[in-house]
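You will see subunit A twice below: alongside subunit B first, and alongside subunit C after that.
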Partner chain A sequence: MTAMHSTAQFHDEAGPAVTPLKPTGGREEIAVAGQWTLIWHKFARNKLAVFSAAIIVLLYLIAAFAEFLAPGDPSASRPQYTYAPPQPIGWFVESEDGERRFQPHVKGYTVEVDPASYRRTFVPDDEQIVPIGFFVEGTPYRLWGLFEMNTHLIGALDPTQPMYLLGTDRLGRDLLSRLIYGTRVSMSIGLVGVAMSLVLGIVLGSLSGYYGGWVDTSIQRLIEVVSAMPTIPLWLGLAAAIPLTWSPLQVYFIITLIVSLLGWTGLAREVRGRFFALKTEDFVTAARLDGSRERRLIFRHILPSLTSHILAVVTLAIPTMIIAETALSFLGIGLKPPVVSWGVLLQDAQNIRTVSSAPWLLAWPAGAVVIAVLSFNFFGDGLRDAADPYES
Partner chain B sequence: MQLDRRMFLLGSTALAGSLMAPVAFGQSATPVESDSLRADVEAGNLPPINDRLPENPLVVTPRERAGKQGGDWNHALVGGGSLSMMFRYQAYEPLVRFTPDWSGVTPNVAESYEVNDDATEYTFHLRKGMKWSDGAPFTTADIQFWYEDIFLDENVAMGAQPFWYSGGKVGQLTVVDETTFKVTFAEPNGFFVQQLAWANQDQTVRAPKHYLSKFHIKYNPDADKLARERGMESWIALFQNESGLAEDNTYFQNGNRPTLTAWMFDVAPGESTERVISVRNPYYFKIDTEGTQLPYFDRIVYQMVADPEVLLLKTLQGEVDMMDQYIATPTNRPVLFDGQESGDYHFYTLKETAANAMVFQLNLNHTDPFKNELFNTRSFREAMSIAINRQALIDSVFVGQSTPAQPSIIESDPLYVERLAKQHVEYDPEGANAILDELLPEKDDDGYRLDRNGKRLTIIFEIDQARPTFIDMFQLAVPMFQKVGLDVQIRTMDRSLWETRVRNGREFDATAHQFGANSGIAAMLDARYFVPHTSNSLYAQGWSLYFSEPDNPDAIEPPEEIKAIQERYKTLLQTGDQTQQAEIMREILNTAADQFLVFGVCHLPDGYGVVKNAMVNTMDTMPNSFGWPTPAPSMPEQFFKA
Partner chain C sequence: MIRYIFKRLVYMIPTLFGMSLIAFLIIQLPPGDYLTSMIASMTQSGQNVDPRQIALLREIYGFDDPIHVQYWKWITGIVTRGDFGHSFEWNRPVSDLIWDRMGGTLTLSIASLLFVWAVSIPIGIYSAVRRHSISDHVFTFFGFLGLAIPNFILALTLMYVSYRFLGQSVGGLYSPEYVGAPMSWGKLLDFLAHLWIPVIVIGTAGTAKLIRILRANLTDELHKPYVVTARAKGLPEYKVVLKYPVRIALNPVVSAIGWVLPELVSGITITAIVLNLPTAGPLLLRALISQDMYLAGSFILLMGVLTLVGMLISDILLALLDPRIRFR
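And then the complex of A and B:
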């Protein structure tokens, strides 16, 4: 992303250097540029939005390559390392003769169990050097279910030794691996629902607003029926109806789909209202007189002028979805362990024991959610600003 | 006080009960009016102390030292759904109660009792002049009212009290005079008094006739009208609501009903969502050795707390005087340990009485014929059992503070059967695989074993989601089962759904639970994991139903060997002699080891509770049980704050 950004700058600067006689060339280019080019140029100028976009891409890369990036198996637990604190990475080791040499490593722990307080106390042990490295061999996995691999981006050279860069949870599982795997669930399944709501809302809202008449009436009545549907009893019924043999992930996927089937109504109403306002505007009339067909009118002329509005709705919906992952757990249909997601990690960390003696379990998942949510928001803001034709 | 489990069995019979004098029995003390009530007495609001107490009050010897009346016991309850907790704190006053060390029973509301030699006739003597908390006399008429108009009245139907039956016939109540009554059984009923002492079982002393009779059609022809005025269909609904004997929450939500307990409701749980307040019962029948009427505490103030984490914070800040429920988990132990100084409290030890930390229970009465046959194969259960690396579970969940064991009697108990406790606990995935290769040789591409139809065999354990240690243990155990090719999964669900699907359903594959009992008399009374005999034997609901109601359409006739063990258990319940009881129980435990119906992880390590440093007369070590409703038998009436 950053690379593209600098290319654009280079292009801007290079323009005048190559053709000094045409100092206004850039502006002419802008004058004839299409809508998407304009949006892109405007967006690229918003550094925060570009940076956020980069982070979002990064998060999706993490989700896609979770098996490779995670140092270990997210559900593999080592009972002797429950609530082990994070290990900082050291870069140099000093050998016996006092010679320093480059060797990335973490320090092992000395573990003591106190039967009175029921606690394992971890003291970093300077003697116990666990050498770590990049592209090490570790737990075998199947990337995307296709490729048998056992290379991990980072890990202990000897996979039996402990390397917990972000610490462990109450069952002695590596938080870093769990966080990375959690990215996959949190950044995908919930968002499918958001996307579906979006498509339904826009399509039905546009049709309703553009055609009016009986189409409008029937769609509006449908919206009223859907909005009147009581959701909690519906979910209760679903919780009882969904076969127990489905995995929690499948259940959650179905639930998000159903939620999205109910959640499109607000957006549809807004889109319809905007269509009513816009369909009599001069540019629409002009396009119609130019012979544009209805589909082109709706999707090429009217809808793009609503982009900013829609983007705002979507970017607000995504963080809500991530945080609400576990909200339906009390009915047995939200995400629950053994599924690993940010919501589940956060829920696991919501207790006093964690806050008082293992704060890393709360800090990292919370940090991940905050970063994802902020990125989506800034990215959405940037897109909206860039897409808004009314702003200078 | 050190809890001695051998004592537990020694004192466990009815016969011993009649010989055993209660600690304070025979001691006397002259009742003294306390300062706090003197003003009320002088103003004429309350009769003087000698008129309030029975002629022969129970003299309690305080555990460390005598105290003075006064002060509040600061307590807490979590949520609204668990009022049965109150049996632990203020509602344990049966005819006979368990002794503080659970070595036996001692007279309580009853002044004394006798049992005949073959345990068919029990005679109880009430205290002359004893009164309900509103001053009305408590006599055998109240017992008779409960027996005739509640217990035997089909309309009222207060739920089963199976220990009142022997040889299929209900015990007969005979009232001799105002303070004496007899219960006669057709066949020996060896555990009758122990059952009466069990928490929430003795209803005979919880039915004030003078209060409840006005809601009963037999005594008040207008009871139906009264019910309709209160918006209920008939007198039955109203009566059930007022007496509350069928349902714990209803029982505790009624603060108007007179009681025999040390404290009575001022603000009952139904009336406030923030705090429940119980105040001293001025007619309570116990005094200490110096003549002070008990209880010492003027009030119990329960804060109603939304969830356990809030309670944990309140405890850390020293707002709760004594607590071992909800928050005293292994996970919270370091937090509470660190807070001892600032919260001004210390720990006490709870001896765990559950048969196992977690019992894996395959549904042996499954509706699916293939699974039913498979789960009923002993070697399959053995294979699953040895597929578990118990030490790993113990290390992570109990910080290594236990050793692997099946649901069984603990080693320090005379009933200990080593084979029952230690068979099939060795971690042996190769052995498990070898057995499973015989039973389920076919596997799919992912390495999971297939059933007869070539479909992947999936075993789903259904768990109550409010049990975090179970869920933690399963997260570790599931990969172990998968390693031997069994597609084991867990589903956690809300308690009410779990009750519907597991306790009342037949279609679940498997579940996990705990409780049961690991020693002495408790194990004889609650043998759920050794003999399918109660609805708590979740692994064989159909067989359990056959034990109590063979004619019930949902009952399933068990195979011969199960029938045989059920018969032995029936015999045990009828036996009054303690040596014989132990003998039969040992035989049952050996048979249970042969049958190996369920498997577990380990015995629970000792638990803990926290108590404020200022509290006096509490016990340092006590059993953790609902039958011995921790801490009620340690006599909260003689707790006070220094």
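And then the complex of A and C:
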């Protein structure tokens, strides 16, 4: 359906705007502005998309500087603080003589034992004050495996004191640190996966759209089969075949591969539709009459005029990848501990008893997934609208 | 019409073949086979393994045959005898295990599909007619949210909410006292009371997408001259909207079964695992984890077939709705 629609819609396209004119700014320059400048102008007007783009950049920055931003080691567990609830940050402390003094802090915990079930619960204790600070020294780490450092953005001044801004899990591990490290895996799996399905989608989509005939028919059949299969059962089936002995890195790559193996169909369809629309355009005919060979026609003339559109479709494909990884890891069939991803974190919130006693274990990782997916969706929608020359 | 349906059926054959290849690939993919792992675990627990029995089993299941022979044995068994192979974990034929569960999946898919239509069509029409009204923005907002929240997270959240605030037991399709009971009004009501969480969870994303599609299509249609003419003639507003523009804009909604259905089936799988529903999902996951591959492969194949049949129905409906397709 989509392919048919886009074909009809782009039938009367007058060719790509590849004018390499350099605009020097100013409104009247729009008349001579290049395609990318126009797209940028249009994109910048969509505030929601720009905001989402900022969030995406922020998420990737978090992923890049995880070691510095996380208060501690994501796998360091303290059995004395299991299922500790989140601590809010207080900014001022009051000394005995009633004077308020600026001192960021969190409240310590006291243990309460439920007389009926003998379950230990932690409650924040107003009496105990754990002073915290910014750029404190804590667990040493190597940033990007290169720089020996031990500064953390935020942490307790005394590292032996508890500071769990988002609470802890079953083993007493800091959820904030785990969430930050998880960002790295979850956000990168989207990028790597999309890169792989981009290659598959563009190659097969271009072949299909350019040659038509039996090449087209067989590739279309393939797409039909893959897209008619319900994705999650298929992902499960493929992921279940990963040998248990593989290293986390191997599992990471094979999961990305599996996720992208099913993700390329939409892209291939899109590319094929555009190819059908573009290959009869005058500029393509002109290039052919000039003696360009087919490879040159595809890669120099047709694909570049699809770039902006492909970029938008790719952005919209990333969230699917993120959700796929999360779902697989959640079911215990994707990434496995000690790797930390949002899906692995959600695995801890699998049953209703855990969720009702420690709702933060569900709320924060789920919130992270939803924010990432929403941002990519808004950003991709904005890009697509901006890349469409017919939408004002 | 008959010709169209026939053509459509013939087109399904290569797709079915492709699906069976994928399912077979999944069966074959894990390293080693079930027998090897069974022998390993039996020897580990100190049981004696009779080598003759093993050899017999190997022969029956054709583990030593070349791959295409194995495929041929497997697929002819399914097509001619309805024999999906043997579940090693349950020690029963796969066909004994799957039909109940597939029935659950089918029921849930139909219920969710009806939910998707029942919600998205009125909202889509409303949003298109009252574009940029406050309710339109509210629906759009919830639509985006519905698209962004993965099924299983929504399921967990609803479970938490209904456990915490409604005190309702969630999970399963029946309350414990009705599980084995024969069908009755009480059981039906109980079933409906349990159905809403999975249906909402599974249907939300599809609903959100359909609302967007319907809204966009109907908006295009409403600006066409014939609508203006109808209005100028003094037709009542409901007729102006419902008589022609909605009918045309519904086309993509009907054809959407083609891609909504795989999503629903896929959503049911993971939602059922979280909510512990008696559908194919939980059994599939268990079979995959214990490498009971004939069971798993059969589920995957049947889920594919289910969506294909759904697509066929949607194409036939579309042809009934739109003569241009019938007479092409």
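A few points about this structure:
As a convention for this text, the second predicted complex is superposed on the first by the 264 of 392 C-alpha atoms of A that agree within 3 Å, B and C clash if a C-alpha of one lies under 4 Å from a C-alpha of the other, contacts with A are read in each partner's own complex, and residues count from 1 in each chain.
Criterion: contacts are C-beta pairs under 8 Å (C-beta built on N, C-alpha and C of every residue); 3 or more make two chains touch, one makes a residue touch a chain.
Remember, predicted model here, so these are calculated numbers, not experimental data.
Residue contacts after overlaying the shared chain place A:247 against subunit B, while subunit C stays out of touching range.
With both structures placed on the common chain, the touch criterion links A:113 to subunit B but leaves subunit C unconnected.
Look at A:336: by the touch rule set out above, it reaches subunit B but stays clear of subunit C.
Of the two partner chains, subunit C is the only one that A:238 touches; subunit B does not reach it. Residue contacts after overlaying the shared chain place A:370 against subunit C, while subunit B stays out of touching range. Look at A:224: by the touch rule set out above, it reaches subunit C but stays clear of subunit B. Contacts of A:160 after superposition: neither subunit B nor subunit C is touched.
In the superposition on chain A, contact of A:171 is made with subunit B only, not with subunit C. Legend: residue contacts after superposition of the two complexes on their common chain; A:352 is shown touching both subunit B and subunit C. With the contact threshold set out at the top, residues 240, 330-332, 350, 352, 356 of subunit A are in contact with subunit B in one structure and with subunit C in the other. For subunit A in complex with subunit C, the residues that touch the partner chain are 1, 221-222, 224-225, 227-234, 236-238, 240-241, 243, 319, 323, 326-327, 330-333, 346, 349-350, 352, 355-356, 359, 362, 366, 369-370, 373-374, 377-378. Those residues of subunit C that touch subunit A in the complex are listed here as 14-15, 18-19, 22, 26, 29-31, 144-145, 147-153, 156-157, 159-160, 163-164, 170-171, 252, 255, 258-259, 262-263, 265-267, 269-270, 273-274, 280-281, 284-285, 288-289, 291, 296-297, 299-300, 303-304, 307-308, 311. Those residues of subunit B whose C-beta lies close enough to touch subunit A in the complex are 309, 312-313, 316, 330-335, 337-338, 391-397, 399-401, 458, 460, 462, 465, 471-472, 475-476, 478-479, 489-494, 497.
Of all residues in subunit A, those touching subunit B in their complex are 75-77, 79-80, 82, 113, 115-120, 170-172, 239-240, 244-245, 247-248, 329-332, 336-338, 350-353, 356-357.
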